[in-house]
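All chains are identified by letter, namely A, B and C, in their written order; residue positions are counted from 1 within each chain.
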Amino acid sequence: MKQTNSLVKTNEPMWKRIWQNNHLRFMLFGVVIGLLPWLSDAGLMKSSTLSYIGNVLIYAVAALGLNLLLGYSGLISLGTAGFMGLGSYIAAYVAKDMELGFWVATLLAILIPTLIGILIGLVSLRIAGIYLAIATLCVSEILLKTFEQLDTFTGGMQGKTTAYPTLFQNPLTRNGTYLLLVVALILVMMLTHNLVNGQMGRALHAMRGSEVAAQAMGVNLLKYRLIAFSLATAYAALAGALYVFFIKFSYPSVWNLNLSLYILAAVVIGGFRSIYGTVLGAFVVWAIPDLVLKNLPVIGEINGLAYIFNGILIILVVMFAPGGIGGLWPKILRLKDKLLGKNKQDKEPKEAGDAV
Amino acid sequence: MGNELGTILQLFLRSLETGSVYALAALGIIIIYRTSNITHFAQGSMGMFNTYIVTYLFTSFSMPLWASTLCGIAAAVLIGFVVDLLVIRHTKKISPVAKQIITLGLIMVFLGLSPMLFGVDPLLLPRFIQSGDISIGGAAISYNAILNICTGLVLMIVLFYVLQKTKMGLAVRTTASNESTAMLMGVPTRKVTLAAWAVAGVLGCLSGVMIAPTTTVTTTLMNAVQVNALFACVLGGFQTFYGPVLGAYIIGIGRNFLVYYVSSVWGEQIMYLLILIFLIFRPNGLVGKKFIKKV
Amino acid sequence: MSDALMDMQAPLEKTTHTLMRDDVLRVEHLSINFGGLKAVDDLSFSVKEKEIFGLIGPNGAGKTTVFNCITQFYRPTEGNVFFRAKGSEEPLNLVGQPVHKIIRYGLVRTFQNVEIIKELSLLDNVLIGGHIDFKASVFEQALKLPRARREEKALRQKAEEVLEFLEIGSLKNQLAGGQPYGVLKKVELARTLMAEPKLIILDEPAAGLNDTETEALAETIRQVRDKFNCSVLLVEHDMRLVMNICDRVCAISFGKYLACDIPEKIQGNKLVQEAYLGEDEA
């Protein structure tokens, strides 16, 4: 958070100042996950693992969007997968069939679903919050049907294929595309950080605290719910575009309700309103079942294991640790301070601010 | 001309069958909503799981269909109890959104349990009455469809009788209108909630058994039913028990007519769009009331 | 019929559709029904510029309901609320305006139970009061474009000044959760000041404060009025505070107008005494 900067004392060591700059920290995180392809090339990591992690990064983008909506305005969207799918087909169609290149494809893939999202939001958000969940559930069913039926655009049940993107006349390899995912995720994390720590974030916080007080402060509830939902849709659509460029195909059965539930699980497990938590949540939801549980003896053989794992985890987190992973961080820091005998008052706000 | 009338009648009768399936599922959702204040997204998934049990007993143990259905109902009651005792009972203090998330988590659990216990291959469940149909005014309707329609109607009549005329029903309605007051008045709200989850489970199981013969038993068996049942609640309004039933039949009729007359591919989707548009004009549903928020 | 009655009681209070020159707010024939119950019944009063105006009445008199009607949380069944909006000479009828627009006209309120966001610092809480002054779009905020940075910086400075003025500047980076009630009350007041209001509505500002804190609050309210050139309308149970700081007081009972005068005269008013006595007996 911003107050961090004002607390930085100039005589502190360089590394500490870098560490306390949120944006540099995001970049550092990006460098770390960006180094993974070299691990893979050096044979220290299975090539398929890199694909799994790439997937996690893509879903993390969508989850960050859903967290803006769910974490701040307490609204559930069950259309995440549908909007991701729409983004992926548009990106593939524009890039491959219309040959307009990566940038135009991605831009359109974000814009069109977002506009549809705004329309749906306008209809359902004027009513009680629960209607958004139901309306988006219905929209995702409509979209799924569209993906199956609109052959010329989506390739029907066979799905749609595309190639790795070409950036500045430079066709990317798998590793290059992976790096593109990393850059996209880090950018999204930074933008989200700016948003939630600025005026919009404060307005959303105010709404969460008390809708009545927020209105008295001039916050237009409908407007900010709509903005949160539009952002969630835009993030999902971007994630869909990234998916089709990294995985190189998109077909209807990917974009069903189960994927939306997975993304919701990532948000819940990662912790509401926590940026790093959400990314970690995505890792827990996708990577742990695929990379860890599947390799266990006996248990790994069970069908539907990932669903059971995530389903039970969501319920347990909601019941016993509503802050998710992100909610654990301040507790760990407080414990650390207690153990080290530090109990300075002025530390408190910084810790909570850094929890995101 | 007479033929046309016959078609309409045929569609109408088929809609009654579809409507019954949706109505049973919707009733389950509304009972949970009213007693636990939860929008029950897992109604379909729990119904799907119980239908799996019925189908599995029928195919793998060659149990007669009626017996396996009874076992399925028993399992539904049991699972309803377990869900309430283990989870729902302990969520009294958490927000409605968190409760919804729990039902979404339940979807995932049942989505995982089904292939784990019953395998990944689609199963088949036959109709109760294999063949034979009667003709009413030029429209043919199978005995099984009549059975389904009647089962639905009888169940609903029984439920409404219980809700309106018995002490148990009064307890449910009191819990529904204000749980803490109900508790103070000596209404056993815990028992009411427990029973509600069992009843919702049974309703879900029956709607699953009704819809299963028209398709294969897979994890996606109840997806459309869940969506339509939720829409029935939206259309009828969450404030009454009969509203969602009304909504379910309207959706059943609307869906079948749209599929037949407008588009066999897009009929259902057009129906959804129409409901969304309807909501703009009547956000609280057909028989819904408006709340006054207290500041 | 009721109009005729009204005319007999208070012949001067006819619908004017305007404001007296030094009025900032004028409530006219305000009524609201809940079910069959008249929570506010044909109430009229006006608040002058730079005036501290008290609204008193026994429990359940409908004071907070009047506030909610003025700020449009409730839509009055009848009557008008004229307000001299910021930057406009023409009086504006607030009835029917969206709730979130009210603050833009220069009318801000606090709440009986302080509505502060625990997870945010005091400074961030105060910045919420500057919500309407942000012109930068969501895109500009996400990318931290110059305008967003500039506005954020300016408002941050303003918020710090306000906190300093209320003597809690040193706490600005503390989380709101865990702060004493008195501090939170000041934060809520600071938040209203961010909007540069013409009229601040305080809903029981002294509730939960001890005697010393209440006295300090009285002083603060006066200072706020003098420094920010605004009027203050307050609902209060604490009679000492009301008598201490209010220029004029309006007493109501069961939603009905009893009297409106300077504090000393209100104290001596028969109707008011009866209304409060009635409460004591019950």
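We adopt the following convention: a residue touches a chain if its C-beta (ideal position, glycine included) is under 8 Å from a C-beta of that chain, and two chains touch if they have at least 3 such contacts.
Here the structure is a predicted model, which is why all the values come from computation and not from measurement.
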- Task: Taking each chain's centre as the mean of its C-alpha atoms, give the chain farthest from subunit C.
- Result: B
- Task: Average the C-alpha coordinates of each chain, average all protein C-alpha coordinates together, and give the chain whose average is closest to the overall one.
- Result: A
- Task: Skim through the chains and flag the pair connected by the most C-beta pairs in contact.
- Result: A-B
- Cα centroid separation, subunit B vs subunit C, in Å, comes to 50
- Item | Mean-CA-position distance for subunit B and subunit A (Å) | 33
- Query: From the C-alpha centre of subunit A to that of subunit C, how far is it in Å?
  - Reply: 42
- Item | Set of subunit B residues in contact with two or more other chains | 295
- Query: What residues in subunit C touch two or more of the other chains?
  - Reply: 73
- Query: Which parts of subunit A, given as residue numbers and ranges, touch two or more other chains?
  - Reply: 212
- Message: Show me the residue ranges of subunit A that touch subunit B in the complex, using the header's touch definition.
- Response: 70, 74-76, 78, 120, 123-124, 126-127, 129-131, 133-135, 137-139, 141-142, 145-146, 149, 212, 256-258, 261, 264-265, 268, 302-315, 318-319, 322
- Note on the structure: Touching subunit C in the complex, subunit A uses residues 1, 3, 6-7, 191, 194-195, 198-200, 202-203, 205-206, 208-210, 212-221, 227, 231, 345-346, 348-350, 352-353
- Item | subunit C to subunit A touching residues, read off their complex | 71, 73, 98-104, 108-109, 111, 115-121, 123-124, 127-129, 131-132, 134, 136, 138, 141-144, 148, 151-152, 173-175, 191, 195
- Residue ranges of subunit B touching subunit A (in the complex, touch as defined): 39, 41, 87, 90-91, 94-98, 100-102, 104-116, 119-120, 220, 223-224, 227, 230-231, 234, 265-266, 268-269, 272-273, 275-277, 279-280, 283-284, 295
